[in-house]
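First chain A sits with chain B, and in the next complex the same chain sits with chain C.
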Partner chain A sequence: MPESAWGWLIVTYLFLAGAGAGAFLAAVACDLLAPDWSKALARAGSLASGPLVAVGTACLVLDLEAGLWEPWRQIYLVNNLESMISWGVIVLSLFIPVAFVYAAGLNEITFVGRYAKKYLKPLEIVGSGLAVATAVYTGVLIAVVNGVPFWNTPMMPVLFFASAMSTGLAVAMLGAAVIDINTIRTLSNFALGHVIFLAVEGFVLMLLVFMSLTRSVEAAISANMLISGMLSPYFWILVVVLGILVPFILSIVEYYEYGAMPKLLVVGADLLVLLGGMSLRALIVFSGSPPQVI
Partner chain B sequence: MPRYGIAIDTTRCVGCHACRVACQNQNGLEPSEAYNWIKELERGNFPSYSKRFVPVQCNHCENAPCQRVCPTGATYTTKEGVVLVNPKTCVGCKYCMEACPYKVRILEHKKGIVEKCRFCIEMVREGGIPACVATCPTGVRIFGDLDDPNSEISRFIAETGAQPLRADLNTRPKIFYKRS
Partner chain C sequence: MTEEIKEKVQEEPAAETSVEETAQAAEQVEAAAPPTDEEEAANSLHEKRGRMVVAGIVATVALSLIALLVAGIFQLTSRLMVLCPTEPPVNDPAKVLWQAVTAEKVASSGLGVPDKLAVGASFKGAATSVAEPSADAGRK
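Here is the complex of A and B:
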């Protein structure tokens, strides 16, 4: 396995930021499009969003070296707007407070919530823009790097966005089941979201792997590591089968059976989506091979 | 203002690693840390076998990917075209290490910052040459001004057709290699 400068902290960040942004969008979609189906899903999505992205950002800060020991150095992080990290810092600093205020408003928590309740629509519009930016940015961050040819493709942000949407929806659905287990019947309507986003994720992942096989020597090394090399058991079992195929099939059944599917399977499908989302990010980061220079 | 570069004649390299040790001494590095390496390129099977040593270090790219991705602006290019890291503003996010195609940046855990070959710029500004160039017993490296057509390095590049590593990556490196 090639040595990556980034490890599990960055992988966790990429996953949590995507899931948090996706959960926000799931909450907004539920509140705007289907307020009478499931209040629980909108509530769960909004409550999970801010904390998930905040914990993810904490992982990002923990991965810093001098910037962790001498935190005032972090002020320099917005110095270079050519750097995706500078943009990420700006997007995250805006999105995290908006997500917390939105959660307070939607759930009427404290005086902040009572005040924010009057401005739910603007919070939903601004927050959705920032959530999309957060989810896409996690992919752009690694896609602009020409030191790792496998990542260096516009398919990466699309893949990460689709995965962020499905993992965010999974978080919101699990949260809704925790808040009110009887709501699980109504969740069938949202299973269609899983069907769509898992299909997009699977399709883009397939494109990425196939095209990487012929794109360059180094991208092919990475792709081969995933499909037949040392990372292949994890790729096929955790990402393809458990992370995409099984929840995809379960979600189709869930959508058509409308509430008749056992609760355990509904919750299980969402947990598998989360497992797949985390594994996908880990495998993409750890399979990145450097250019062959000599 | 000069535009510094190094020409490397790989046909003269015997793989003694003196350049690496000189660099470590000059920059006060731990034995496990280095700003330059000697990579070994093996071809064929015995008896049709050859081995070539290729010294690798920061290429001080004119279009430096590490500088472009550095969020704090800690990575900068001096007026002599030398890419340096400001130890006071680097936060150690390691984005530059991912972005560098040549993988020649290292994390200095003690200082919490990312460092790399500095072309021994303090010595060079006082009229000296980098430690790796001065130390090499077989004269593999030539240091000089790429903008001066009469400099030894410019003549060497013109005569031998020395090329940078992976010119296709459009980073415009300033280290040129004579490969055969």
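Here is the complex of A and C:
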């Protein structure tokens, strides 16, 4: 594995925070736009989003070793508002409680839920803005690193947002299947979401890789590492084939067959989306090549 | 059974039954009585909420497991990978030529006395008067 300044904790944060934010957006979209299709999907998405982003943020804090052993130093994280990192900390700090309160309100859990149920719409609006910011921030965190030219592109937040949406939808659909397996028939309606987000993800990923080949020497080294180098087996098998192409085709079939597809394949497509999402983040992090010193 | 207990509770309040026995009988009635629609709905809702919270926890655990799975795949298979050499060194003169170009060159020194030495030393021939050899020199 190539050496990288960032390790698995950051990769796990990127994956869990993206999936959590995407699950929140899927839940809100389902609750606002199609409440009759599947209540279970909205409930599962809302319940999963808070814990996922919280666990992901814990991974981010664990990676900050100085901040972990001397936690009072973390106040400096919000000290400089010109830094994107500071804004990321603020967004995460706001999104996690909002996600938990929204989940409690939508599912009427405890007295907090009974109270929050009265304010579901404002929670959905505020939470959606924060969820978009959280999903985009996972890409921004990578894109602001000037020292790694492969990451330093505005396409990175777009790629991470598209991936967050598809993985979040997969989480919500899997959760809905756990809550009520009979709802899996109505989940076919949401397969169109997978088709759209996986198509965008694949397109942006292709653009990122091929533009990197001509952007700079370092970016070309990273892109070559992905398409024909040391990381290429993971890239082609885990990300392109298993993470994008197979679920893309399965989602098209699921959408047109409307509930006739075996449940195992529906759940399998969602699991593959998650596998591909995690692998994509790992490959982006590990393929980041620093500037060459000549 | 339920009817009997109900009758016992309702028709014999004046009988010499203790308060404890009455309470026990009432509890039995409650336990044996079929749940009303409201109770059934509440129980069902309670059960559903339980399942929902479980779904949230399951989703988090499942995603963490997927993250671990991918990390495991990467860690295990990366040891099996053998990196192919991209620049075969066979008969490749590029490295030798590049070394020849970039190697530190030793400046060729001119014949005769080096400049530094010539400045710092005075020679016998250059002296104004030739010193006579001392007696000690003869002994040597």
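Convention: the second predicted complex is superposed on the first by the 292 of 294 C-alpha atoms of A that agree within 3 Å, B and C clash if a C-alpha of one lies under 4 Å from a C-alpha of the other, contacts with A are read in each partner's own complex, and residues count from 1 in each chain.
By our rule, a residue touches a chain if its C-beta (ideal position, glycine included) is under 8 Å from a C-beta of that chain, and two chains touch if they have at least 3 such contacts.
None of the values given here were measured: they were computed from a predicted structure.
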| item | value |
| --- | --- |
| Partners on chain A (chain B, chain C) - clash or fit | clash |
| Partner chain(s) touched by A:162 [first = chain B, second = chain C, both, neither] | neither |
| Partner chain(s) touched by A:78 [first = chain B, second = chain C, both, neither] | first |
| Which of chain B and chain C A:132 touches, first, second, both or neither | neither |
| First (chain B), second (chain C), both or neither touched by A:5 | first |
| Partner chain(s) touched by A:120 [first = chain B, second = chain C, both, neither] | neither |
| Partner chain(s) touched by A:92 [first = chain B, second = chain C, both, neither] | neither |
| Stretch of chain C penetrating chain B in the combined three-chain arrangement, among 7-15, 43-51, 79-87 or 97-105 | 97-105 |
| Touching both chain B and chain C, residues of chain A | none |
| Of all residues in chain A, those that touch chain B in their complex | 4-6, 63-70, 73-74, 76-80, 82-86, 89, 142, 144-148, 288, 290-291, 293-294 |
| Complex contacts: residues of chain C adjacent to chain A | 48-49, 51-60, 62-64, 66-67, 69-71, 73-75, 77-78, 81, 83 |
| Parts of chain B lying in touch with chain A, wherever the complex brings them together | 39, 41, 54, 56, 65, 68-74, 89-95, 97-103, 107, 109, 111-113, 165-166, 169 |
| Chain A residues touching chain C - in the complex, by the definition given at the top | 1, 8, 11-12, 15-16, 19, 23, 43-44, 47-48, 50-52, 55, 103, 107-109, 171, 174-176, 178-179, 230, 233-234, 238, 271, 274-275, 278-279, 282, 286 |
